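Which chain is which? They are A, B, C and D, in the order written, and residues in each are numbered from 1.
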Amino acid sequence: MAPSKRSAATPPTARRWSTAITQIEPNRILVRGYPLDEVMGRVHFGEAVYLLLTGELPTPSIGRLVDAMLVSFIDHGATPPSTLATRNAATTGASIRGSVAAGILGFGRHHGGDILACRQLLDDGLAIARTGKSVAHAASEIVARLVASGDVPPPGFGHRFHTKDPRTVRLLQMAHELEVDNEYTQLIRAIEHALSRHPSLKERSLPINVDGAVAAVCGDIGLPPEVADALLIVSRLPGLAAHALEEQRREAPMRVINPTTHQYDGPSERRLPERRK
Amino acid sequence: MAPSKRSAATPPTARRWSTAITQIEPNRILVRGYPLDEVMGRVHFGEAVYLLLTGELPTPSIGRLVDAMLVSFIDHGATPPSTLATRNAATTGASIRGSVAAGILGFGRHHGGDILACRQLLDDGLAIARTGKSVAHAASEIVARLVASGDVPPPGFGHRFHTKDPRTVRLLQMAHELEVDNEYTQLIRAIEHALSRHPSLKERSLPINVDGAVAAVCGDIGLPPEVADALLIVSRLPGLAAHALEEQRREAPMRVINPTTHQYDGPSERRLPERRK
Amino acid sequence: MAPSKRSAATPPTARRWSTAITQIEPNRILVRGYPLDEVMGRVHFGEAVYLLLTGELPTPSIGRLVDAMLVSFIDHGATPPSTLATRNAATTGASIRGSVAAGILGFGRHHGGDILACRQLLDDGLAIARTGKSVAHAASEIVARLVASGDVPPPGFGHRFHTKDPRTVRLLQMAHELEVDNEYTQLIRAIEHALSRHPSLKERSLPINVDGAVAAVCGDIGLPPEVADALLIVSRLPGLAAHALEEQRREAPMRVINPTTHQYDGPSERRLPERRK
Amino acid sequence: MAPSKRSAATPPTARRWSTAITQIEPNRILVRGYPLDEVMGRVHFGEAVYLLLTGELPTPSIGRLVDAMLVSFIDHGATPPSTLATRNAATTGASIRGSVAAGILGFGRHHGGDILACRQLLDDGLAIARTGKSVAHAASEIVARLVASGDVPPPGFGHRFHTKDPRTVRLLQMAHELEVDNEYTQLIRAIEHALSRHPSLKERSLPINVDGAVAAVCGDIGLPPEVADALLIVSRLPGLAAHALEEQRREAPMRVINPTTHQYDGPSERRLPERRK
C-alpha cells in the first residue's frame, strides 16, 4: 500500500516529538508530573486511570464516579461476543495475553459502540436545547427524529436482558448524590420519558441502559467521548482475563464452546462485608 | 490443521459447561456472588479486579497492595516496545481498541515475562529453604546456580534505567507496613544481598527491580503466578490507551516514529494534594 | 456494555444458521463445492484465495491478475507502521503469530485505507459518466471537487518514495494485456491526466499509486470493495511474518527499534531464472 | 515492568541495524533482490511467500508443494476456535482486519501447534536413526516412548473427523511424484505403521493427519520449523477473512454464535474445469 504523502517535506531523521504522559529518568518516574511511587498507595487505580487519560487527578466526587463506572462494566457473563472470542482463543492453549487481545478485538460498532453513539445523540439534543428550547422540547424532537428514521431502539436505550438495569439505576443515583449530574443526565431522562409516551412505542420498554447512563455521566463530568470509549476497554479487561483463566483451568482444551449450554455455578448471592457499607 | 482428538467421545451438542464468574438474570447481575450495583461505589476498581481474578474480595491490606501494584505498572513512557506497537498502530488511524490490542501483543518473554520467571526462581529457592536450610543459605545456592548457568542478571534483578527503582522501594515498604510481607519477600532480599556479595558480580549493580518486587509480593499474598501475570496486562492498559489517544491528538498521521528523538513536555514535578497524604 | 436488543425475539438456542464456505464430512472437505484434495496442486494459492473470498474460481486472466496483486503488496521494507508494530512485538520474544497479528492491527484509515477510498472516488466518477458525460468530463469534475474540498493528494494518487511506482505500471500493463481493463481503469487514467493539467497542481507530481491501480483493477474485474480490502491483508501477511522471523533471528531481544537507522544488506539486484520469463 | 538489561552498553541512538528482506529506493522495490514488478505475474503468490520467508525462490517442485500446502489449510469450516474467534468479532461490527487478527490469536498450542510438535518427534526419531539404526527401529522406539509417557495420540496422528484425511493422502502423493520425499516422510510412515501394530493401540485409528504430513514434507524440503509454522498462518488467513465477510453479509449483528447449530448451504460437490486437470 502507498505510504502517506503528507510526511514528504521533512526527512524522518530530523523529526522530534513530545509526550506529556510520563517522564522517565534514572530512579525517577513522573506520571503526569506526579512521582509514581508517591501515587502508589495514595491514589486508587481507578483514579490513576483518569489521571493517565485526562492529564489531571479527578476531584473526589468524579474519582468515585469514574471508579464506579469502571466497576460497572467489569464483566457481563460468558455470552458477550468479546468474551466468546477470548474463550475461543484460550481453549486452544493461547496465552492469557493473546486471548485477552482477541477479546478486545471483539468489540465493534454494535458491542460497546453505544456509548459513542448515545453521546452523539445527547450532543444533538443539547444543541437544540441551546437554541433556547426546553430540555423536554429537545427530547421530543430527538425522539420524533429517531422514530422518523426508524432508529429505534436508539443507542443507550433498551436491553436484551434487563428492563431496569441495576447498573443504570446505581450510576445515575451516585451522580445525583455526588452532585455531578447536569444537562446530559437531565436530557437522557427526558428522552427516556419521551420514548415511553410516544404513540408508536407504547408497547416497548426502552429504559436507559448502562451505555446510556455512562454516556450521560461522562458528558456531565466533562470527559471527551473518546476517553469514555477508552475507559470501557480498561473496565472490561479484568473480565476477559478472568474468563481466559477460568477456561484454561476448568475446561479441556479444544472444546466446542456452545454459548447456550452453560450455567453459573459460582457462589450464590452474598452481601458485602459490613465495613464496605 | 488437525482439530484435537481429545473431544471425540461426546458429541459437541450435549456438552454442558459452567462458569463461576458472573450470574446474569433479568435486572440482576452478580459478580462472584455480589450484586454488581452494590459493588459499584463500595469496592474500588483495583479490589474488583482482585475479586474477578481470584473469586474473593481482598482483605483491606491486600486490597491496598494490589491497587498499588496496578498503579506501579500503569505507564513507563514512550519507549517500551509494547507502547511503540500501540503508537505505530495509532499513527495509521487505527481505532484506539485495535491500537491497544497491538500493544498487548507487544508483551513477550523478554517484556513483562520477568514476573513469572522470577516467581519460579523464588519457588525454587523456597523449595531449598523447606528442606531445613536457612533463607540465606537458599539464596546463596540460588545465586551460585545462576552464576554457573550464566543467567545473570536473573529475572527480577537489575534495570536499564534505574539503579534504585522507586516503585520497588515503595512496594516493599508498603508490604512491610501492611504486614503482608513473608518468606517470598525475605528470600528476594536475601538473593539481592547474595548477588551483591558474589565475587564474580562485584562490579555489577543488581538491585531488585519492580518485576521482582511484584513477584515476591504476589507470592506472599498468595496470588498464583498466572493471576499475577494477568494483573500486569490490566495495569498497563491505561498507559497504552493514553499513548494511543495522545498519538492521534498531537501527531500527524503516518509519521515515522523514532523512539530516540522524543522528549517529555508535560507538567513538571508536582505534589499530591494534601488530602491524599 | 448493553447487548444488542435486536435478537430479543427468538431464544438463542433455537437459532440455526448456514455457511456456504466449506463443507466438512468424514474424509471429505469441499471448499466452495470443490474437493480440497483435488484443488491442491491444481489451483494456485492466489486463485484459491479468490475462490474463498468470492465463491467461484477466477478465469485464467483474472486469476493471473489477482495473483499479481497479491504479490505486489507482499512487502515494502522495514518502515511501514504495520511492519514496525510487528517488529516491536517480535523483539519482546512474543510469538510469530502474535507479532503478525500486531502488524495487522497496524493498518488503519491512513495505511491500507486508500484502496477503499479510491474505489469510492472512482464510483463517484462513474456515476457522473453514467449520466451521459464522457469519462474525461467526469474526471475533470472529480478533480474540481477534490481541489475545492482540499482533498489533495486524493486517495490512490501520489507517493512518498515513488514518482512512478513500478507496481502500478506493471499492474495496469497486465490488466491491459489480459484484456480485463475497462471503465475503472479508463477513469483513473483520466483523473491522473486531469490532476496533471489542473492549474493549482502544476508543480505537484500525483501519479496513480499502487493503491489506486489495485482499486481500479479490482473494479474492472468486479471485486466488491470489501473483498479488495481483504486481499490486502492476505497479501501483506508474508511480509509481516518475514520481518518477525528476521527480527528474532538477527537482533538482540528488547532492542530500541529506530526506523531511521537501518540499511538493506540482502542480495543485490538479480534477475529471475530464464524459465520464469 | 522492567526493560531488558542487555542493551545497557550502547546508547540506543547509535544502534544501526540491517534487513535483508526488501530494498526500497525511489521507483524501485527489490524483494530478496528481485525487482517486485518483474516478480508480479511471473512468480505465483505461493512461491513468493516461500521467497519472502526463506530468501530464495523455490525450485519448481518445491514451489508446487508449498503452494499445495498453503491451499491444504485454507479453511476447515465454521467450528475451529480460530474461526469462531473471528466470527465473534465480526458479529459486533468490528473491521474485517480486526476480526481476522482475533482469529490469528485463536491459534495456540493445541490448535495449529501440532506441526511444530510433530517436527520435534520426527527430529528425535531421525537422531535415533542416525546412530545406525533402521528407520523402522527408530519408529518403534519412538512409539514405545510415546506409549510409556502416555502421549497418545502423538502430534501429527489421528483426527476428530477424518480417519483418512484426504489432504494427507494428496500431500504425501504429491511429494512422492515430485520426488522430494525423503527421510522425514519415510519415518512418519514408519511411525504410523508402528502405531497400528502396537498391542496397546490396536483398537485406535491413528493415521497421519494433515499436520503430520506438513511437518514431514517441510522437513524433507528443508524448511525450518518456525517457517513451517509461519506458512500455516498465511494459509489460513483467506479462510478467516471469508468467514468474517460472510458473517457480516449474511447474519444479523450481535447474534449468539452457536457452533453446533449450523449447516452448509453452498454449492454441492463439483469438479474442477477440464483445463485444471
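Keep this in mind: a contact is a pair of C-beta atoms (placed from the backbone, for glycine too) under 8 Å apart; a residue touches a chain by one contact, two chains touch by 3 or more.
If you're wondering where the values come from, they're calculated on a predicted model, not measured in any experiment.
Although chain A and chain D carry the same sequence, what matters here is overlap: shared residue numbers make up over half of all numbers found at their interface. Set against the Cα centre of chain B, the chain with the most distant centre is C.
Work out the mean CA point of chain A and of chain D, and you get 39 Å between them. Centre to centre, using the average C-alpha position, chain A and chain C are separated by 33 Å. As a whole-number value, the distance joining the C-alpha centres of chain A and chain B reads 23 Å. Residues of chain B in contact with two or more other chains: 3-4, 7, 12-13, 76, 79, 95, 97-98, 101, 105, 107, 110-112, 161, 165, 253-254, 256-260. Residues 79, 81-82, 84-85, 88-95, 98-99, 101-102, 105-113, 253-254, 256-260 of chain B are the ones that touch chain C when the two sit in their complex. Put simply, chain D touches chain C in their complex at residues 3-4, 6-7, 12-13, 15-46, 48-49, 52-53, 55, 57, 60, 64, 67-68, 70-72, 74-79, 96-98, 100-101, 104-105, 107, 161-167, 169-171, 174, 226-227, 229-230, 233-235, 237-239, 241-246, 250-258, 261-273, 275-277.
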